[in-house]
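What follows is chain A paired twice: with chain B in the first complex and chain C in the second.
This part shows the complex of A and B:
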């Protein structure tokens, strides 16, 4: 069993990088709008399908298709917020959160209506794993696609941190996240920032959705399947904290894989719930609290 | 005072009138039957052609004058391949739509969840689910299934694997009501044939990655893997097996290995995947009819629901009543081996109207049922994926 440790750790870390991107998207929306937008699930799916169309119908390479996934999911995010969620914001965060669950079901079924239920794959060669001999630790397998995905996830995260840390617009977003009242007094337009947060948040969900789909398959449930893990990652790291979402994604990714050492794989889903339970009991504000950056 | 009373009586009478006419309509109006199929969820690829097939049979029957002089009215609901949603949909079919039969539950978990509603309300349940446990429920005869049960299927799979030279088999199973039964029977038959079952991992099909599960399986160095999966998780598992460089045999159920699977994972990843399925009666005229209707080779479930709706219509005609218990009492009598053989409902209804006995043999097979509600037997086909296409390997 201990011999499995390095392999499980690698599987978990790679799963964590993939999870991190949509988790950042989720937490970005929360940081600015203060409600959990469960529509990340359908936006991840929409991103995966947008990338699929770009890749198979228009023949774009995976990198360009990822950009399409980001843009399309981001635009859908802004549109669905304008049309559905924004009107409910005055009724409190719980109402909007519930509406976002309904929204995700509607969008998921709209995807199903257009593309059907069957799983689809990108026009990418499936690559054989690399085998790495770690000496006394044994042999581990590493998937090239997963490493590429981890790289793509790292690029997205670096860009986001750069944007939030060094651009004027990024600083505006952080200001609203930290203290909306003070930001308003300084003349920052909350609506513009909200739209931007939705665009970036849902765009990242779409980007992450496509990364997950590249590793597995595109189907209408692509986003929904990882919803709980995304939510758990964001809560564990501290809702609203972007570095927290990254850390949380690693905790959940590694935790889910490592759990097979102790439990039947059937119970892997329970890890997410369990992590939420422990963190909310011991550190209700999450591992890193809720400072945005 | 008398006037007011009279008024009130008149009022009550006029209020009651629609209900009385509805009550009368229940005996003379249309016969209501329901389908409960997976339009969404893991079974989503199968539900739509199933409903289309049932609708076509109903249209045929109605065009030929209906059953007992009454039209059939079909109500179709989506079970979402999810027991929760299925129970809500079944409640609607039974309580609101007042159907006398529910046709087409696909996932075993769904069938297990809606079955008690059916037998308690004396509504006949026709299903295509395979879990052994289903017909062992105390259903008093209100479940009939055309799908061979897990016991029959796993035994068949094990025999085939042993015969094809696999000495050791590991099973990866999605968490379903039949995962354990299926593995136990597989191990039993493999042992009897001189081969060995190395173990099984039951995984949660709702996860996106199964790398750690696959590592567990490959550590045992099996000759063959028995992939007891549904299509979405099978697509992921096949890719991961390919990445892991697994070269042994891959064996799965036919419902998971459909044409879309190869499209999704690509020819190279699917290469060598052997799938097996209870085979419809390929020579039956009903099979040809469904093929023409759907425009491609029908899957086994479309063939089975063709038989379900036909059996229900024939049983109603045979019993002379359209209730669930009438179907329950007569469903075996329309497969009377002494009667004239028919392969479609319209021909059978004509014979029954003329007072003759019928022997219905449908698109899925002979449709003869044991006392528990299982089919007595059927054929099996084995296909292998080669260069992006399935090729028939053998028909047993």
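This part shows the complex of A and C:
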């Protein structure tokens, strides 16, 4: 049992890196627009399908297909906000949150309408697992695809941190997230920043959705299945905090893997829920978040 | 056809009961609950298991369904009551998923995805199907009527006024000396109890439950029912539930109209229609068909 520990830890860290991408997307939208956008699930699915089309129908390599996944999901995010959610903002965040649940059902079924329920796979080279001997810790197997995915996730995160930290637009976004009123006084256009947040947030959801789908399969519920883990990562890290979402994703990723030591593997997704409950009871603002009241 | 219509009347009653439960939690107290189907499932399983495995009478099953759902609702409210509504939305949504997960995996208890069958109900197999359905319509709608009446009384009572005050601004309610947390927990528990009861009624009428029957879409049906009918009013909640059933069931018959649609595409369209309907209602009729009217009290 305990001999599985290094293997589970590695699996968890790799899974956490992938999970961090959509979790950042979710938390970014929350930071700027101040409501939990449940449509992150369907946008992850849309990204997975966009990448699937780019990869199988147009023959693009996986890296380019990931870019397509980001762009398409991002554009869907902006469009769905413009068409559906923006008009409801004046009715309060809860109304928008409820509408985003309705939106995710509509989008998920649009995908189902177009592609059916059958799971599909990407056109990827099948690689053999690496076996690494850790001496007295035992032998671990590492899937090259998972490492590639984690690398792709790390690249996306590095680009995002660079963008937020060093570009003018990125700083504008952080200003609005930090204090919308002050940002408005400084002449920052809140609507532009909101659009940008939707584009980046939902784009990352799509990018992450494709990463997760490469690991599993593409079907209309790809995003929905990981939704709870995404929320958990964001809440554990602190809603609205991007570094928090990364940390939270590692906690959830490792937690889900480690849970098999104690529980039946089918309960993996329940880990996220209980992590949310524990964090909300003990430290509601999350590991790195601001206040939650 | 009569049997079908009566069965739909029973389902509409279950939805109405859920809409009433949500109305207490969200409509009056302003707490969002996106895990309705979870409480519904808890009630259904509690009553089904007690009557099938322990052979308890049906009413005991219903009482247990209410008690268990209330207990879970209270716990949920206790954990999140101090936090912003966003957290409650996430927690309740997660709750319903975990319930479905547990229902599929705790095979020793719930029979897993095979579900529980032969859930007893008075008169099943003895009465003709028509009479049996008719009897259940009467039972369910009597419960709905009773619940709507009791909640309307409660809503007009000081308890309801405090809940509405909390919904509008819980800080002011607290300053006015109301124990906000206690009121929130009570409202959530009571509302969740109704959701559980709706599940129990459904289980005994349907005679069969399985995790597949507790899809998140049901939550959206109920949210749509309450929003369309009129958040905050009991008549609105009931009316909305009837309309939602009418909408979802009538679209079932359009399947043959567009012959080139595959069944999966048709199913997708029907599900999407529910989401679109909710969004449209939020745009054009956010107060619902029967809007809540608060009559200002004459100063004494």
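One rule holds for everything that comes next: the second predicted complex is superposed on the first by the 289 of 293 C-alpha atoms of A that agree within 3 Å, B and C clash if a C-alpha of one lies under 4 Å from a C-alpha of the other, contacts with A are read in each partner's own complex, and residues count from 1 in each chain.
By definition in this document, a contact is a pair of C-beta atoms (placed from the backbone, for glycine too) under 8 Å apart; a residue touches a chain by one contact, two chains touch by 3 or more.
Because the structure is predicted, anything quoted here is derived from the model rather than measured.
Asks: Label the relationship between chain B and chain C on chain A in the superposed model as either fit or clash.
Replies: After superposition on chain A, chain B vs chain C: clash.
Asks: Which holds for A:72: it touches chain B only (first), chain C only (second), both, or neither?
Replies: neither
Asks: Is A:239 in contact with chain B, with chain C, with both, or with neither (first, second, both, neither)?
Replies: Touch partner of A:239: chain C, not chain B.
Asks: Which partner chains sit in contact with A:152 here, chain B, chain C, both or neither? Use first/second/both/neither.
Replies: After superposition on chain A, A:152 lies in contact with neither partner.
Asks: For A:177, select first, second, both or neither according to whether it touches chain B, chain C, the two together, or no partner.
Replies: neither
Asks: Check whether A:215 is in contact with chain B, with chain C, with both or with neither, and answer first, second, both or neither.
Replies: first
Asks: Output check: A:129 vs chain B and chain C. Expected answer is one of first, second, both, neither. What do you get?
Replies: So A:129 only meets chain B here.
Asks: Using the superposition on chain A described above, determine whether A:119 touches chain B (first), chain C (second), both, or neither.
Replies: Only chain B; A:119 stays clear of chain C.
Asks: In the superposed arrangement, does A:264 touch chain B (first), chain C (second), both or neither?
Replies: A:264 sits against chain B and chain C alike.
Asks: On the A-aligned overlay, A:109 touches which partner chain: chain B = first, chain C = second, or both, or neither?
Replies: Both partners.
Asks: Once the complexes are superposed, what residues of chain A are shared between the chain B interface and the chain C interface?
Replies: Common interface on chain A, chain B vs chain C: 109, 112, 116-117, 264, 266-267, 269.
Asks: For the complex, give me every residue of chain A touching chain C.
Replies: Counting only chain A, the residues touching chain C are 30, 35-36, 38, 84, 87-88, 91, 93-95, 97-99, 101-106, 109-110, 112-113, 116-117, 228, 231-232, 235, 239, 264, 266-267, 269-270, 272-273, 276-277, 280-281, 284, 292-293.
Asks: Within their complex, state which residues of chain B touch chain A.
Replies: Going by the criterion above, the answer is residues 40-41, 44-45, 175, 201-204, 206-209, 211-213, 215-216, 231-232, 235-236, 239, 242-245, 258, 260-261, 263-266, 268-269.
Asks: Inside the complex, what are the residues of chain A that reach chain B?
Replies: Going by the criterion above, the answer is residues 4, 7-8, 11, 15, 109, 112, 116-121, 126-129, 131, 141, 143, 145, 212, 215-222, 225-226, 256-257, 260, 264-269.
Asks: Can you check the complex and tell me which residues of chain C touch chain A?
Replies: 32, 34, 79-80, 82-87, 89-91, 93-95, 97-98, 101-102, 104-105, 217, 219-220, 223, 227, 262, 264-265, 267-269, 271-272, 274-276, 278-279, 282-283, 286
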